[in-house]
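Some structures are shown below for you to check.
Both of the next two complexes hold chain A, though its partner changes from chain B to chain C.
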Partner chain A sequence: MPQAGQHEHSIERMSVTQTQAERTAASQCWSCKALARGGHFCVSCGKIQPLPRGTDYFAFFGLPQKVGLDEGAFEERFHKLSWKLHPDNFVRTGEYERSLSLERSSELNDAYRTLRDPLSRVEYLLEHLGIRKEGTTKQQAPPELLEEVFELNESLDELREAKAEGGDTANMRERLAAAEKNFQQKLDEVDAELAGLGREWDAALDAKADDAPKKAVLARMNEVLNRRSYIRNLVFGVQKELAEA
Partner chain B sequence: MAYSDKVVEHYKNPRNVGSLDKNDPAVGTGLVGAPECGDVMKLQMKVNPETRVIEEAKFKTFGCGSAIASSSLATEWVKGKTVEEALSIKNTDIVRELALPPVKIHCSVLAEDAIKAALSDWKKKQGEAEAKPAEAAARH
Partner chain C sequence: MGRVVGIDLGTTFSLIAYMDQRTNEPKCIRGPYDSPLCPSIVSAKLDGKVIVGEPARRRLLTHPARTIYSVKRLMGRGVADVQDELKLFPFRIDPDGGNVIRVRLGEKLFTPPEISAYILRELKSWAENHFKETVDRAVITVPAYFNDAQRQATKDAGRIAGLDVLRLVNEPTAAALAYGLHKQKRGRVAVYDFGGGTFDISVLKLVATGEGDIYQVLSTNGDTHLGGDDIDNALLDLARKEIHAQFGIKLDPRGEAVQELRKELIRVKHELSAENETVVQFPLGPKGMYVRTIGRTEFEALIQPIIARTMTPVKMALADAKFVPADIEEVVLVGGSTRIPVVRKTVGDYFHRPPHCELDPDQVVALGAAVQADILESGVKTMLLLDVTPLSLGIETMGGVVAKIIPRNSTIPASAQEMFTTGVEKQTAIDVHVLQGERELAKDCRSLSRFQLKVAPGPAGLARVEVKFLIDANGILQVAARDLRTNEQQTVEVQPSYGLSDGEIERMLEESLEFAERDISERQLIEARNEAETILQATIKTLGDPRARELSAEESTEIQESIARLRVAMVGTDYKLIRDKIDGLNEATMHLAEMLMNSTLQSALQGKRLEDV
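What follows is the complex of A and B.
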């Protein structure tokens, strides 16, 4: 059974809570029947609108599906939206609008948290575009990396044992400190690689590139993200041991 | 989320932790990882080349409780089975036995991959051609 990520749940919630009004007038404002443009509010009468099916977090903020983000503008848009969608503004409206505002406000927070962090933004993009899906696509790391990860985990284990036996850990600490430096450096390299791929993706979007080269960039981003999870876990593990040693 | 009693049991009292000599021609080694959570799992099996029965199985897993329980259970199950029987173990069997919640299903997938990778390594050492490319996929 493929696992929907946290983010996908919220997207799903958008569509399963579809109401009668949504189904009958997907492209029309449910209230004034003007042509709705897929925004949060009707451009004509200003009433809150159900979001079209499959509206992603980027579209939620009126953003292109880019990795790069103008943080200032994003924050500003978030504050504006949270104010406009806030349930307090809907105490005097009908039940339908009130429920839309409630839903939308919680979605807004999910979307904000997801896109604000550069890493979760990339993860979301890959999940949303079907590149990264737990359990379905085989996500295998290169064997050399697995060997390396396994060996360092074993050294960590050795240190734990040495500590438990009250043995001399000075030597071990030195090894761990070296390992931490090494893996922190690897993490920095991976992050730089990811940032470069992000810029490549954004440029491909701007250039309206074909699907094939775009998919290739996404696939590479996914590989780098996978490598990053291992390395990040190692850095955490080493740091924890060093702190306790 | 709470772990099932069986997961806790395997986690607290893992079976067959350790390693076998990976240079032994009768030993197959499978090293797999789950990048989503950063887990790594090593599963080794010693197979009798005459009877094709798995006589010994060891594992070492760095990861969450479910990953440890899945690999512990896998070593328990493969022991005494033939290579072919072991290859028929599905991750869904592990999910059922350990009552793994949906978010932990990938741990069972990892254990199945590890079995396949280890036996594929053993077959390679025995000079057997790969039967199915899928079996080798976990190693690449």
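What follows is the complex of A and C.
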């Protein structure tokens, strides 16, 4: 009897300094054997190229690994690349080129989906640089929030009890709504903190700073992200309970 | 290679369209009944021959046990999925088929893709008649909210019908394409597609770029079991209850009488889109007649819950696109049910703007499919559709919880890579269960496929198998696995849970080719007879013309004999013989035709009207 599979998430770990160009510089075009230079298409014959393993989403878009993003230019780039890579262009080509188009256009869309959203962009950056492991956020309450979380959980318990006994819940709902507002505000604060760290990281990249200070910024970003995820779950929980009440 | 077409395979009607290269506009092809709408109805005759469309619709009343409609509701589904449907629709499902749906039509059993393939083949023959050329490739539309299995089933139907399915396109996206092309509009568009059996809402962004126009779908939502059929059922429910109360008659929901009543109620529904009041009239034999006046207000109240059901997906799609109603610049209505005034009003009120309905809501999807087919075929790209996957893709993890790996509304193609390992020592295979849906537990999502990854036995956790899940541009899942320790690629058979295997499709394709040959020769016979009839009548009419008296006796005899020979051939079934005798008659009347032509020409030159000659 086969056992149910355990699945874990795969992350290509790599050093902060390694770049896409270094990893793919030596690749040859599959069709004309010219040096393909790691682009989407061969510079010599124009044929679509296979996607090297471990390509990163930033490099795919030709972007630096920054938190800040010019959304308009990003959308435009997405449309340009879609126009070139979409399987529509390869309906009449051979099977191999069709498979390459599928590979590249799905990577494009995966990258677009991930980088478009500011939060998932930061998460991806941290995962990509080996700072964060996907799906393993710490579910411990941040120390400064312990007291409030304790109170919140108590209120939630009371509400559930009252609901089970068919009692009046209006009072508790009010308290919970106030707590939700409070945590929502904390979420905004955390987001502001994260944005600040993002700017710090981008500036360090621009200044070609050393690895050590850069890693320190990343570590702090990761911490804030964990805190954010914890608070977000709290807010979700309260909202769910309120919606059901 | 033959022609390429766009096909709207609908619940109630299906259409086929092509790109007119002269006008550079898409056009629907009309069938033998001079309508572009082919009723999606299939009927098996006593001799085993299967008929489709209008003639099949007529048999709905005379041979309900041999006729099926709304088969789209069964596509890509298992018996357990359709229990609710079975209460409302007279599907005769084989009880011995396990969870695989097989429908009984007369003596034979058919899978839903086979039945849909009959509809596709009928449309294909319309197009082949139109072009006088084979048609072998098509873009087929599907509801945006169709899941993987429903898409796969549609693609299978295409293959069984002998069509290379170039692409499955979502119906609202196809409509947006036809609409955008027609109006030359840009901006944020919502397409509200309320058809016979499905409801879809899609939110798109139409962007002009340096290369051409991009139709980017931002979000989609819907209900694959909500449509005009439900409105018919609500009316039917009311009428059956009243008939029971007034006459004590309980109409069998699968009987002929109910089909007749449904037909009358559909007429009433259509009439209430134009009139404020109409009368239902339904004879009940010796017990009298059910006569009932129904006003628009009562009708609107009756269908209000159904229309309300469309608004939940609308709100969710807007939220997913991160829009509020006021952000939407244009609202496009698609599908026959959007002809109902209260539907238009509800949508208009929600978006605070009158919706567009200037394109025929029945044809717009097929027209869009034809545009996309032309783009794929010609390789000349003037626009690009970027569509999304309607449902999240997930895999089952410990405790029956679903881990989402590709979220809904991701632009397709989209992919996700996951690493799998073993949980116990000496394990030789890892089970992977792929699901689609938004719920957290596997049991609440739609099971797409289960497969096993083979691994060499070893300590727990040593194996490393990387699985790549990829949703292609059709919205269909592909899976590839690679053992990272041996670097060996594994082929993964993704067998849809209730789908057809490749072998089954091959067999159906072979059978269909046999049928097709028979169908073609029958069609040729009909065409030859029709042509013979036309030329016979024309000849007889011409022989009555005064100018025909100038023919020699020999010529007259030859013509009379040719007519007789053609009449004999027409009684037979050899279309080649009929063609041969048509040619014979044409030859015999050649001189006569020339004579008439000359005198007509002369009179034309003299400036006289033909009738005056």
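Remarks
As a working rule, the second predicted complex is superposed on the first by the 198 of 245 C-alpha atoms of A that agree within 3 Å, B and C clash if a C-alpha of one lies under 4 Å from a C-alpha of the other, contacts with A are read in each partner's own complex, and residues count from 1 in each chain.
Please note the rule applied: contacts are C-beta pairs under 8 Å (C-beta built on N, C-alpha and C of every residue); 3 or more make two chains touch, one makes a residue touch a chain.
Remember, it's a predicted structure, so these values are computed and weren't measured experimentally.
In the superposition on chain A, A:Ala141 makes contact with chain B only, not with chain C. In the overlay built on the shared chain, the residue A:Lys33 is in contact with neither chain B nor chain C. Of the two partner chains placed by superposition, A:Lys215 touches none, neither chain B nor chain C.
Applying the stated contact rule after C-alpha superposition, one finds that A:Arg92 touches chain C and leaves chain B untouched. Residue contacts after overlaying the shared chain place A:Tyr230 against chain B, while chain C stays out of touching range. By the touch criterion stated above, A:Lys181 is placed in contact with neither chain B nor chain C. Applying the stated contact rule after C-alpha superposition, one finds that A:Asn153 touches chain B and leaves chain C untouched. Common to the chain B and chain C interfaces on chain A are residues 3, 135.
Contacts from chain A toward chain C in the complex involve residues 2-10, 76, 79-80, 82-83, 86-89, 91-92, 102, 105-107, 109-110, 112-113, 135. Against chain A, in their complex, chain B makes its touches with residues 31-38, 40, 42, 60, 62, 102-103, 105-106, 109, 137-140. Within the complex formed with chain A, the chain C residues making contact are 166-167, 207, 209-212, 214, 216, 375-377, 379, 381, 384-386, 395-398, 403, 407, 410-424, 427-432, 452-453, 461, 466, 470-473.
Chain A meets chain B in the complex at residues 1, 3, 134-135, 138-141, 143, 145-147, 149-150, 153-154, 225-227, 229-230, 232-234.
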